[in-house]
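In what follows, structures are represented as structure tokens.
In what follows, subunit A forms one complex with subunit B and a second complex with subunit C.
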Partner chain A sequence: MPDPVASIANAIQRDGGDGIVVVYYPDLGVRDWLVSEVESIAAVETSVRTDSVKDARTHMDSLVLLLPANERAAVEELDGARDQFLEPKRAYPVVLFLLRDGDGARALREAPSLASWVRGSDPDPELLAEVDVEAERRAFEAGAGASPEEWLARWRAKEIPMDASNVVLSYRASLLERR
Partner chain B sequence: MLPDWSRLAPNRPLDPGDVAYVPRPMDAPRIPDWILTGRSPLLVVGPVGVGKSTELAFAAQALKDSRIACLVPLDRFENMRTLTAEQALLRVAGRLAYVAVRALHLPITPALLDELDMYGVLAGGVAPKVTGMFPVRSERDVGDLAILVIREIARKSTQGRVTLLIDGLEKTPPEPARLVFDALEGLHSEVEIVVVVPWHAAYGPGAETVIVPGEKLVVVPPVEVEGQAGTAGVEFFRNVAARRLRLDEATIAQAPDTFGAPGGVLDTCARLSGGIPRSFLQLLADAVSYARILDGKDWPEPVHVAQAVADQRESFRRLLTPGDDDALRSVDGKDGRNMALEQKLRLLAHGVLLERHEKGQPVMRPHPIVKSLL
Partner chain C sequence: MNDWFELHDAHRALRATGGSSLSDIRRVLRRLIESGHAESSLFNRFTYSKNPHTGLREWRIAAPRGKDRKDWSEPLKKLAPNLAEASLTVLALTDSANERLGQLTVMLEGRSVTRKPFSRSVTRKPFIVAAHLDDRHMGSGACGHALFHCHVGPSFKAMPEVRVPLPALKPAAALEWALSVVLPDWEPVPWHEVIAHANRQGT
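Right, the complex of A and B next:
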């Protein structure tokens, strides 16, 4: 499986509450799906969806999914107010969703402070669309000892422990599941 | 016992006096040396993540016995993109008063505290509880307010002088930054000032209005990690990891051979960081995270560093605009004089391009991870 799968989990976990994560999306339909996936990968008790940077700062104990309409303004505000997210210490990161090659992504090129924080924590999961699904299914079965559907059935029945490694595996399986 | 990897905290600068501080391997004078020899104002510049905030915190600690050394992290309070000169002065005054009351237990005139409290720049618990005797003067010039605070603290302290270490202005765009520097100019005769400035203020058009004759520009450079000259730099990063993680001998003994051995995980992260501490910590934290997620391992191995590097490479790739590749190839090993100024400032600010000193001369080098993209 290509790196973006684990990259999402890694981006969320790497800096813990000190982190700001950027997830790129190609269109709004995929964005909505990615928001749900990020929530499930993070496996946190509470997550909050908001379009406001100021509001994002107030939810210290939640994973914040930041979905601004004006992505440039959000990037600029995060660039200028980045360090205010350090105190009080947060439990989980803020995940900012940006349109691939959009205005927010361009703004990030002019926002060195924010870009420095998110370096290595800004996956573009749509790259997954480029994978060879059949080859990946075979690789999954070889590694997990079950097809994605069989493995997911056990996972959903809570027969598989919920640790970081299995959370990522569940994400891989859900991407490869025949629907 | 396993390390608490969350202590790597790549985005969190150290506080003054933090035992995790590791002195940078350098022969040049440090910020406290310049201040102690009477050089003020001191303007500090460097790429993102190089450790400017940590150096300011170290300076505040080193200077505290001889003066009131007050660290003012403006970026912890204000949006630095929209900062005004008035907000900057108020934050300086508020922070100084807070430190004076809370840490130094100096008796500050209640009317002064009232005024600061009115502006909302006094941290909780410092404003006097009983007010009314001293009318609040909202019409006072904020520059005067800052001077009143500085003079009162200097007079009441045993040290008798104040040094402000102002952090965060590197994030401020050129126009508002210029107004803030003009406002801080008004404090020069009252205090010693160390202030972090943006690249555009140091090297861009109009830099002469920020850096006037007599002011000292201190560059915090990337740590040298390449070749023989980089041996001390790599050792510095090994110490940074050990101090942040509080690694003792027993813990290190549990690590796989590939972690701390020459050319192992720590050394690879150090060399691929380009000498930028935040990059080093990000690579190591990334590798740790991948070790757990992909293989359920407690210690990162070289394969996990490779994954971390791949992520950083993608991040850097997104920062590049058309023409950057050719420009980076052309400037590699040169002093950068012939590079378009706007492009150079942007690439320096992002740490895509690093200014090094080789054989006593400034030399531009692309970040090692960027180099793999060219």
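Right, the complex of A and C next:
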């Protein structure tokens, strides 16, 4: 099953951790959180946030979190500067954050060199995290014998015994609950 | 102000912003791995699922590869004396922005071992250590059923049902507390650091 955290970890650790990683985000509201999540998963001593490709290149010993104001321009600049990122070898990758289906993502599709470079190191963790709600609800009902709403109503009324497995089930039911 | 009002306010504040510090859980998991209490893959298995319709996120420790279990709990090693087994569950519900902490559970289930004197026979008894931030008011009030509380005992239902109110610890600190119950060397802030801190503060 695809996993958002594993996808970030794999992208950062791929090829010994050097190079460029692209992380897609769905909207600006989630971007800052996703940046800190990447920092947390990478667990490196030093990380640097910058909006400049030029600046990103200078921080060889740090995980660089690249948050350009103009994502298309950053992709084009990176595409032209590939060699400068390969040598000397970086300690940690540059992580470029791009808006899913945004201008930078489109620019990346038009930049075959950079696109092939980052292929396999370009997760969309928020997309990977999304559950198939209807399928999961059917699975829940098959296992618990009740819909998430029915089960939660009984749980909240203390009609279901509190034990470890039911505590776990209550979280799954809450995730799938219709609101 | 009445202590129970203060506690309730602190719990509400924890709920309002506690989600943003959830990734600190990884700092604790990392220390667990480094000190040999858990296997190394644990670090990247603290993960989440998201409901695309509501934006709600469910956080959990996922099962290792090849063990696709939704109710997975992580076995811990190098336990305190007289504990035969302990396994860890961490669960949380946060909103789309990962700011609001709707619910939190840090839970350790296991078995203790008691040896009878001058005998080879051993008795294994279950135990549970759990901290819960409930998603709504339960019970009759902030004293008997505080929003954020812990259970320690043979089971959740053993009588009397004790729910000890917890201060508004952030998720990582709640995890540190629970681990300190079952791991002999687990003390994130030993006394000498507390005293040094107090001296720096001039208190």
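Keep this in mind: the second predicted complex is superposed on the first by the 124 of 179 C-alpha atoms of A that agree within 3 Å, B and C clash if a C-alpha of one lies under 4 Å from a C-alpha of the other, contacts with A are read in each partner's own complex, and residues count from 1 in each chain.
In the analysis below, a residue touches a chain if its C-beta (ideal position, glycine included) is under 8 Å from a C-beta of that chain, and two chains touch if they have at least 3 such contacts.
Treat the numbers as computed from the prediction; the structure is a model and nothing was measured.
Asks: When the two structures are overlaid on chain A, which partner does A:19 contact: first (subunit B), second (subunit C), both, or neither?
Replies: Only subunit B is touched by A:19; subunit C is not.
Asks: A:33 contacts which: subunit B (first), subunit C (second), both, neither?
Replies: Once the two structures are laid over each other on A, A:33 reaches subunit C alone.
Asks: In the overlaid three-chain picture, which partner chain does A:50 touch, first (subunit B) or second (subunit C), both, or neither?
Replies: Touch partners of A:50: none, neither subunit B nor subunit C.
Asks: So, A:62: does it touch subunit B (first), subunit C (second), both, or neither?
Replies: Neither subunit B nor subunit C is touched by A:62.
Asks: Who does A:9 touch here: subunit B (first), subunit C (second), both, or neither?
Replies: both
Asks: Taking the superposition on A as described, I'd like to know which of subunit B and subunit C A:84 touches: first, second, both or neither.
Replies: After superposition on chain A, A:84 lies in contact with subunit B alone.
Asks: Please work out whether A:105 is in contact with subunit B alone, subunit C alone, both, or neither, and reply first, second, both or neither.
Replies: first
Asks: I'd like to check the shared interface: which positions of subunit A are touched by both subunit B and subunit C across the two complexes?
Replies: 3, 6, 9, 163-165, 168
Asks: Taking the complex as given, what residues does subunit C use to touch subunit A?
Replies: Against subunit A, the touching part of subunit C is residues 20, 23-24, 26, 30, 43-54, 56-58, 60, 62, 68, 70-71, 73, 89, 91, 93, 96-98, 102-103, 105, 107, 109, 128, 130, 132, 135-136, 155-157.
Asks: Any idea which subunit B residues touch subunit A in the complex?
Replies: Answer in residue numbers: 6, 9-12, 48-49, 73, 75-83, 168, 170-172, 278-279, 282-283, 285-286, 289-290, 292-296, 307-308, 310-312, 314-316, 318-319, 321, 346, 349-351.
Asks: What part of subunit A is in contact with subunit C in the complex they form?
Replies: Residue list for subunit A touching subunit C: 1, 3-6, 9, 29-30, 33, 36-37, 40-41, 43, 126, 129-131, 133, 156, 161-165, 167-169, 171-172, 174-179.
Asks: Tell me, which parts of subunit A touch subunit B in their complex?
Replies: Spelled out, the residues of subunit A in touch with subunit B are 3, 6-7, 9-11, 13-16, 18-19, 76-77, 79-84, 86-87, 105, 108-110, 112-113, 115-124, 163-165, 168.
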